[in-house]
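Labels run A, B, C and D following the written order; every chain starts at residue 1.
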């Protein structure tokens, strides 16, 4: 597929349709989970969050091709995440008190 | 004209004023070191013809020293401060025998609710007085703060007490007055155009005086 | 596609119309100068508001001189009304922080200095840069419009604590509170656009040889500042949008009656607000470092630790926002954590101060106006930093929180720090902007008078604050415990008026020198920066051919320099080899 | 974002050390996305904090919102994301065309013009469905300030306060409309930018395997918007 004279796409291109399929299946799983199921609320919550983060990771890694970028570029996207976590956990901790 | 913190009026004033003095000494030394160094250098190393600056990129040893000294000082200061901070602000530090009064802040007044004869808030004999907080000397007082509309801040300078009253939250501040007399309450958080005139008064009584005042209030007396 | 030969940038320098050249310019230098004029205007507005505040605090109940021109809704018989007074404090803070100091440091000097100092032709995205300026101006005008709508300007303090800011029935201002939110959203957009530009430019557009550790500290500081801005401003934008929706759409984010949380606003605001404090001081530190090294004719002492101190301050700056909320009823355990992180931030600040001293040690000090102001910056920033320790120690903060003590502290940092650094930076790069020098004589008089009156104004505020005078109160004399302080309040007011008057010297010097200043030689300060390889003022597109960089920025009095005591970054000595250009990133992936 | 191609003269000078190793437009977009993360942190973080503050009294999302419809909308956005990445792959391979027959295959091979058009259609479809959803919700009485008095939802909430979260309706409306509204705003901006690129760059075939920066940069933005929606969909509609 790749043009041999083209040095810029050095990595193997992922199968985008397969990732699309993953995303699709996981979305269906999420919607099904949201209906009343004989599982505890907490388990549901954890499963839903795992699925959401997994989907988000797929998009970031393959569609935004972060998997194939250098660390210094990845870092730009990673830096705000701990800040977000710090902000939210701190404010919630405050509420617990 | 005062050049220092207001006269001490509560048990908090001792440690706070001492810490203040300690920090003043530490920062004073740092300030003198920096400013004297600055002035000395300005005079001593002013440009003169034929002179060339000493070419250096720095000294690791000097930098380690002036990194370590502030770091150690600051950590020590933090540890000492934390002890008193917990004592003054942690819910668990409120003495169990504290006398509870309610202070409800609204634009622009303090509504002080007293527990009445039974000594408990939230019972039928409670009564409310505007802008007047009457307390007994040498007794821990827990002020249950609430706010009607916006954020206010309950501030008694002599007692070294300051606590925001936030609408939707119930916060308890406590203090123990050490001398009788009349003090002022100010609002330390901008709460609207009347922020400045949100002035209340604290009356610190001896136990007998307080009982008398309470009896008078219970009898429906004014002020 | 790999490396492309450097083509001459003269190619696109066709003559441009006045509009393209000076109004809708995409040249980073013109944009910097536009920011300079606009933010100096807002600085003046903020100063005028401050004078009215000082009049009211010094002479409560006395008619304001010239107050007759103000409408009846603001003054009554010439006497400032309480509702106007809180508009004054709100707008003074807002203008000074968002529209004077921040654009003066970031808008002006990030734009002007970054491409010049790293040796490139312009910003990475010149057109976005232009938009960044116009949006900032728009935001400023929206904010200014607040004074001219019914009910007057916003009335909830520059921190806009909800629910006071969210409910017109409580604050008394309806339209302008919304204008504040809108203006902040627009300003946030402008700042993000600008900062994306600065970061990209510094990462990708450095000239060959300009390695990370050859960048001047001013560029380092502006780089870290841009990172702070790009991550902090959106949080404020988000908060301002929620506030705006509370004000207009009837949402309940900060409305405790419907489960909203007033403290959420404070958390979001200060999560932005503390990095913002460093946005306001880091560029000042960076520029002062450049100027002190120049004035001392010595390399900066401990360049690397200066860089790491900037990074350390920026990193810790994200973890300390809670110290603005010590009295808000927050969890005391969190308070302890915030106290420790706040105290620790004193360490990198101390490193910087001592390294500046180390730079001056055994130097050969030239007291030109920028150097004088930079020394003023160091000494005043030291006071500001040290007074912060009082409030970082939580128990001591109890009597000092929200009093004039914090007002003194923040003015020592923002006026004594940022503004003194600007009084150093403006004359220093003035020749690069306008091709002329500002008057040294007026500059020196201005510095000495400002230094004296500044301390007379703000130092006594510490004492007033210790005495317990709350912030933002309209009339301190109604409190018995504040009455004895009134003479000192009057003294502060007199000093403040003098301080304000002295600033007209600066303004006069600035404007007069535009036309009448001495023609500047190419390198008037005998500095090492890349920008001094260009003529004054720097031409459009800066260099014809991308310059090479041969050494670090602070090679003053280096032995290789021979009989001169400076060795610019762009000078190629016989022993120097040309840097090898890295391959250009490809156009695709 | 700057989406135009720079002329050679405006190209960045060669840095001494490679910067981020990518061209400036892409780097700038990544920095902007980092900034956008913080913007959504403010909105989503507030939602989490406010919801946490309400305890367990939050409304059942499925009772108020139309989850299957939004599930479909999520599917649309995922499709647009994959078509975006296909558009990117197509131009990297030099396929500027719309559709082209490939010998031995029944399906025609899509080029940049095809895949970007699909992306635009899916994106516009998403916005359309969201507008439809908003109209329906407001019709039922769900507004940013809570359940409108006398509306269908208000009646339901009276009958079953737990399921409909009668006590939290105000907070629910506030956070729901703000978060999804700003996401929708982002999608709209993306669609407009893509339309602009489509007519100024894609149709005139200005992109080539040597330079397709505009496509990659708008692609990054688009995937990010998709990513945010994946999070939003889960925490707003499902939990």
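Structural remarks
Here is the rule we use: a residue touches a chain if its C-beta (ideal position, glycine included) is under 8 Å from a C-beta of that chain, and two chains touch if they have at least 3 such contacts.
No experiment lies behind these values; they were computed from the predicted model shown.
Common neighbours of chain B and chain D (chains touching each): C. Centroids built from CA atoms put chain D at 15 Å from chain A. The geometric centre of chain C is 35 Å away from that of chain D, both derived from CA atoms. Separating the centre of chain B from that of chain C, both taken as means of CA atoms, is a distance of 31 Å. Among all residues of chain A, those that touch two or more other chains are 6, 8-9, 79-80, 83, 87, 91. Among all residues of chain D, those that touch two or more other chains are 20-22, 27, 31, 34-35, 38, 41, 49, 53, 92, 209.
Counting partner chains per residue, chain C has residues 1, 231, 235, 260-261, 263-264, 268, 332, 586-589 touching two or more of them. The set of touching chain pairs reads A-C, A-D, B-C, C-D, using the touch definition from the header. Looking at the complex, you find that chain A touches chain C at residues 6-10, 65, 68, 79-80, 83, 86-87, 90-91, 93-94, 96-97.
Interface of chain C with chain B (complex): residues 82-83, 85-86, 89, 155-157, 161, 163-164, 167, 170-172, 256-257, 260-263, 296-303, 305, 327-329, 332, 335-336, 339-340, 343-344, 346-347, 350-351, 353-355, 357-358, 360-367, 375, 378-379, 382-383, 386-387, 389-390, 393-396, 398-399, 401-403, 463, 466-468, 470-476, 478-481, 484-485, 487-488, 556-559, 565. Per the touch definition, chain D reaches chain A in the complex via residues 20-22, 27, 30-31, 33-35, 37-38, 41, 45, 48-49, 52-53, 61-62, 67-68, 71, 74-75, 78-79, 81-82, 84-86, 89, 92-94, 209, 219-220, 223-224, 226-227, 230-231, 233-235, 237-239.
Touching chain D in their complex are the following residues of chain C: 1, 3-4, 6-9, 11-12, 119-122, 124-125, 127-128, 192, 195-197, 199-201, 203-212, 230-239, 241-242, 245-246, 249-253, 255, 258-261, 264, 268, 546, 549, 579-589. Residues 1-3, 6, 8-9, 13, 16-17, 19-20, 23-24, 27-28, 30-31, 33-35, 45, 48-49, 51-52, 55-56, 59-60, 62-64, 69-70, 72-73, 76-77, 79-81, 83-84, 87-88, 91-92, 95 of chain A touch chain D in their complex.
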